[in-house]
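The structures considered in this document are given below.
In the two assemblies presented below, chain A is common to both, partnered first by chain B and then by chain C.
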Partner chain A sequence: MSNLNSLSYFWPELILTGTVLVAIVADLFYRKEDSFKVAWWVLGGLTLTMAAIRMGGSAVTDLFMGTIALDPFAEFFKVLILLSTVLVILISFKTDELKNYSVGEYFSILAIMAFGLFLMASAIDILMVYLSIEIVSIMSFFLAGYLKKSQLSNEAALKYVLYGAFSSGIMLFGFSILFGLTGSTKFFEIRQALAGLENGANLALIISAVFILAGFGYKISAVPFHFWTPDVYEGSPTTITAYLSIAPKAAGFAMLIRFFNQVMGDGTAMINDSWSALGGLPWPQLMGVLAVATMSLGNLVAIQQNSVKRMLAYSSIAHAGYMMMGLPVMSNQGIYGIMMYLVMYLFMNLGAFFVVIYIQGKTGGESYEDFNGLGWTMPFIGVVMALFMFALTGLPPTAGFIGKFYLFAAVIEAGPQFYWLAFFGALNSVISLYYYVRVVKHMYLRGERSDDVSMPSSNLVTVLLVFLAVPSLVLGVYWEPVANWINQSLVLLSSGM
Partner chain B sequence: MDSLTNYLFVSASLFCLGLYGVITRRNAVAVLMGVELILNSANINFVAFARFSGMNMAGHVYALFVIVLAAAEAAVALAIIINIFNNFKTINVDDVSQLRQ
Partner chain C sequence: MNHLLSWIIWLPVIGIVAVVIIPRDKGTLIKQVSAVVTGVQLALTIYLWRIYDGSNGTFQFMESAEWIPSFNISYMLGVDGLSLPMVFLMALLGFLGVFVSWNINKAVKGYFALFLLLNTGIMGVFLSLDFFLFYVFWEVMLLPMYFLIGMWGGPQREYAAIKFFLYTLVGSVLMLIAILALYFTCGKTFDMLVLMETAPIALNGVLWWGMSAIKVIWTLLFIGFAIKVPVFPFHTWLPLAHVEAPTAVSVILAGILLKLGIYGILRINYTMLPDGVFWFAGALAVLGLINVIWGAMCALAQTDLKKLVAYSSINHMGYALLGMAAVIAGSSMGGDNLLAAQAGLNGAVFQMFNHGTISAMLFILVGVIYDRAHHRDIDGFGGLAVKMPIYSGIVALAFFAGLGLPGFSGFISEAMCFIGAFPVFRTIVIISTIGILLNAAYFLWAFQRIFFGELNEKYKDLPEINRMELFTVIPLAVITLFLGIYPRPFLDLISETMNILIDQVVSLGGLVNLM
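Right, the complex of A and B next:
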């Protein structure tokens, strides 16, 4: 579709851009202690964006001369991204970390990041892939280092920027080879050119695919591109850690699915469950090994942590590994499983992080010891945290169980050659039980039992935690609405204009 | 002399030099310079491929975008490094390690 015509389908992104501009200008009119009010402008803009997405209809087309896809698949991820952005902005009101800082830019940058994530979820041109990844990366460098006076936050930003720039550079080199092989930057043209490629280009193709995988792997923090994750997650403001652990990961998976399905796969993979062997390498097995490595490393190192925040960082690596199980079986069901898991993961993971944010404000720390006796002094926090922990483990009847169930079902249905993948997935879930339950143990069995019981001092925190805890439980027994939503969303734009 | 192979050879060398710089240098600014070399090697690839595959403008445009993004990224990275210097009094990436390994 031509550029001018595309604009009428581009309302959500346009509104988001307007929101950013308004927020930046509004920030100029507030004094430092009032700068939190910028958040209301951003929240208003995000609400309008959500309305624009819902009213957009379900057109399936490409925009801006084949650089951006407009399809229900992208819409699904946009809704997830918006939801997590709104939740993170709300919890940012109640964090102590941002107290001595002017936070106008903080909220504007979050909105810019949401814009970049939108583009990530819908990019179908390698130029747009690179552009959107960079928009998101540069904004997350800012946010990771937002606490200018904190050494930890600074260190997180430095590590993030060096790893991030490096891996996107590698990915760019991979794209340049791919461009050389195919003579186009558009997914669909690349696919056609790849299909007609003679075998002599196999080595170049493998090199470029591996380099590109490095960029995607960095975004979803898959082994062996995960090195930045623990340090960045621990050093960043906890609100940002929560955001980084869900929104960019969701968009990264959207991009990975789109790229492998439409460029590396033969495009009909959604229907036929087929996967074109690329360059003679056993890609499904390779991705399976990466998935197992990712979840095993995440889980085994998470056990050794003393800080709950750092434990959650490693656990987010492990969860990326579970979701990667859906990639080798690049079938409708594999993608379905990933989408289902992302929805469940959003609720339980944000919930866990929000509790950590609240406890940080109460006890000033985030180690296991800071959770001692919490189950008795703050019963509400104790119960919801225990729920989030069980959900993250994947125990029935929580949402995490349903997420894992769909992933394992997709893997097992793909045939006996993937049984080992399901086996390692199950084994890892058991391992993860150890460190998740450790939090519950500290909350209920450690520390003295006291009788003065308190609710969270802020209503907003209570409401947010209830909002996250209810789906974490209810979606474990009644997930039909989500299943229907994903069924409708499983439509990818599958050919160029 | 004017063949695609020469350009690809230059870009591959630049890429390797950049990779070497990123891996061996401990000074944050030097690591950043290595990254810039990698980005520029990709740029050479894009422009060379575009030039030798019948003037496909996409490659040139891609290179322009990369130049702009590299500048933006460098600006942010340098700002972070300045902040690191204010807090740590060093920009050696090995010395900046308060976070547990």
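Right, the complex of A and C next:
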């Protein structure tokens, strides 16, 4: 579709851009103490964006001369991204870390990041892929280093920049090989060109795929591209850690799925042998091994942590590993499982991080000891945190179980050759139980019943926690609406117009 | 009542809501509400027992409702002769457990809420006929168990609780894989009734990595259930969990939780993988033998009374495993000895029930002495018979029941297991009779050390067992004695279902040798 015509389908992104501009200008009019008020402008803009997405209808087409896809698949991820952005902004109201900073830019950067994530979820041109990743990365660097008086935060930002630059460089190299092989930057043209390629070019194709995978792997923090994750997650403001563990990961998965399914696979329907076009290497097995490595590493290192925040950081690597179980099979079910997991993960992970933020404000620390006896002194926080921990473990009847259930189902449906993957996934859930339950242990088994019971100090905290906890539980019992939504969202733009 | 089974399952949840609403300084009211709720539940199960048609062994009082149609998951309940005794046992022990817990004073609200949740989880496992629902209930009962052991348990409670949790979770995730494998190979359904029909046929001849799919699924399921039973070598969590758990939780743990394992094997492995039964029966008998001997030897070596009782559970479950293995006697390979198969299976289920009542009684009695002396060291007592004649008498009765003295229900069920297994596993049965001897030895020796000899001066003022404690023990003792003399009401209830089960195994299984 031509550039001008595309604009009428581009309302969500346009509104988002307007939001960013308004927020930046608005920030100029607030004093430092009042800079939190910028958040309301951003929230308003995000609400309008959400409305624009919902009113956008269900057109499936390409925009801007075949660089951006408009399809239910992208819409699904946009909704997830918006939801997590809104929640993170609300959570940011209640964090102590940002107290002494001017936070006007913080909120506008979050909005820019959401814009970049939107593009990531819908890019169908390798240049657009690169651009969107860069928008997101650069904004992430800013946010990770936002606490400029904290050494850890500075370190996090610098590490993030180095790793980010390195991995996007590698990915760009992979893209250039792909462009050299096919002479196009557009997904669908590349696919056609690849189909007509001689076998001799196979090695180059494989190298390019590996490089591109490295770039995507960096975004979803898959082993062995995960090294930046723990330090960045620890040093960033906890609100940003929560955001980084969800929204960019979701967009990263969206991009990875779209790229490998549409460029390497046949693109129309997602079938088991989407990987076969690549040839050369046993791709599904390789992806399976990477998934197992990712989840095992995340879990085994998470066990050793003494800080709950750092534990959540490593465990988010493990969760990426679980979601990667959906990739080797590359079937509709696999993608479905990943999408289901992302929905569930959004609520339970944000909830867990929010509790950590709240406890940081109360006790000034984030180690396990800071949670001692919490179940007795703050019963409400204790109950919801226990719920989030069990949900992250994947115990029924919580949302986390349903997420894992669909991933296991996808793997097992793909046939006996993938059973080992389900087996390792299951064992890893058991490992994760150990450190998640450790939080519960400190909250309930340590400490005594006390009469000095405190409830959350503000209504916003209560409302937010309820909003995160209820889906974490209810979606574990009745998730048919989510299942239907994902079913309708499993439509990818499959060819250029 | 149309939804009798649902009421039985969800009644404790109503109790939880009530318990949560009651202010936390009204501890007695919380206990009374729990007693009423579990009492009503017990009344309902007795009513269920009365109107259940024993002459027809199929599923009765079925309920079915759509749940998640997009994945073929439904809410389906039903009861038959295999689950009914377990449901009754759970209701009985749940009710008595409230009174056993009467002296709990730490966080009363949390304790009883969790205790009721445990009740719902276990009832749900026994009554669900949808595999997904079954799994959800199976996992739901882990959480309250973790907290009950971890918060109200003994000195090593944290370790015991997490060990129990990790062990059982390993079992259940393996089970989840097996459930999904069954789902996708047998026509995408979680409906157990359908799976019982389709699975034996659909899995026939399916090979995974050169191995029969039946073997793979059987093994995954079996490990999951064996951890619960517990079958040697998966038993190490049990003594620890028992010793650390508060009395009422030990009662539920020994009385019901261990039965879930055997129930699962009979309900799922036996009906859906009958070929696997023939493949595994020999191993099952050997594992039963190991359980019998190993459990008895370990019990003999204990100085902690509660640990002794815990190991006796391992010992007693061994008899049930032997009885279960006897089912293959009913096939042409086993000599068409239908009577042996019947004796074995009926014996196994009867043994489950009897162990439920007897071990519950034993744990309550251990709790009684622990509350008074604050230790459970067998050698630390002596001569208690003089000070506590009533208590001694009841312990004697419970110990006799435990060692399988004729006249008690345990004797009949153990004998049935042996009679059933004898024609097919002659040597194993003969060796396992050593277990009976050891069984008698550890109980009698412990009894002698605690109650006879010189009275330990420290305990000359021990108060006698009180009325509340008597009230919790006597119903169990009466059931044990009654079924020991007249087991027919019980056997009539289950035998038709066992016949159906035997028919399922024998007619569908053992026809081919598994790869």
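In the analysis below, the second predicted complex is superposed on the first by the 486 of 497 C-alpha atoms of A that agree within 3 Å, B and C clash if a C-alpha of one lies under 4 Å from a C-alpha of the other, contacts with A are read in each partner's own complex, and residues count from 1 in each chain.
Operating definition for what follows: a contact is a pair of C-beta atoms (placed from the backbone, for glycine too) under 8 Å apart; a residue touches a chain by one contact, two chains touch by 3 or more.
Just so it is clear, the model here is predicted, and its values are computed rather than measured.
Q: Quick check on the superposed pair: does A:L286 touch chain B, chain C, both, or neither? Answer first, second, both or neither.
A: neither
Q: Examine A:M455 and indicate which partner it touches, taking first as chain B and second as chain C; both and neither are also allowed.
A: In the superposed model, A:M455 contacts neither chain B nor chain C.
Q: Which partner does A:M65 reach: the first (chain B), the second (chain C), both, or neither?
A: In the superposition, A:M65 touches no partner, neither chain B nor chain C.
Q: After superposition on the shared chain, which partner residues are touched by A:V463: those of chain B (first), chain C (second), both, or neither?
A: neither
Q: Under the stated touch criterion, which partner chain does A:P416 make contact with: chain B (first), chain C (second), both, or neither?
A: second
Q: On chain A, which partner touches more residues: chain B or chain C?
A: The partner with more contacted residues on chain A is B.
Q: In the overlaid three-chain picture, which partner chain does A:A195 touch, first (chain B) or second (chain C), both, or neither?
A: neither
Q: Classify the contacts of A:A51 with the two partner chains as first (chain B alone), second (chain C alone), both, or neither.
A: Neither partner.
Q: Can you give me the overlap between the chain B contact set and the chain C contact set on chain A?
A: In the superposed arrangement, which is not itself an observed complex, chain A uses no residue for both chain B and chain C.
Q: Residue numbers of chain B touching chain A in their complex, please.
A: Where chain B meets chain A, its residues are 8, 11, 15, 18, 22, 28, 31-32, 34-35, 38-39, 41-43, 45-46, 48-49, 53, 56, 58-59, 61-62, 65-66, 69, 72-73, 76-77, 80-81, 83-84, 87-88, 93, 96-100.
Q: In their shared complex, at which residues does chain A touch chain B?
A: Listed in rising order, the residues of chain A that touch chain B are 126-127, 130-131, 134, 137-138, 141-142, 145, 148-149, 151-152, 154-159, 161-162, 165-166, 169-170, 172-173, 175-177, 179-180, 183-185, 230-231, 234-235, 307, 310.
Q: Could you please specify the touching residues of chain C with respect to chain A in the complex?
A: By the definition above, chain C touches chain A via 67-71, 106-107, 135-136, 139-140, 142-143, 146-147, 150-151, 157-158, 161-162, 165-166, 169-170, 173-174, 176-177, 180-181, 183-184, 208-209, 213.
Q: Taking the complex as given, what residues does chain A use to touch chain C?
A: Touch residues, chain A against chain C: 376, 390, 395-397, 401, 405, 408-409, 412-413, 416, 419, 422-423, 426-427, 429-430, 433-434, 437, 441, 444-445, 449, 478-480, 483-484, 487.
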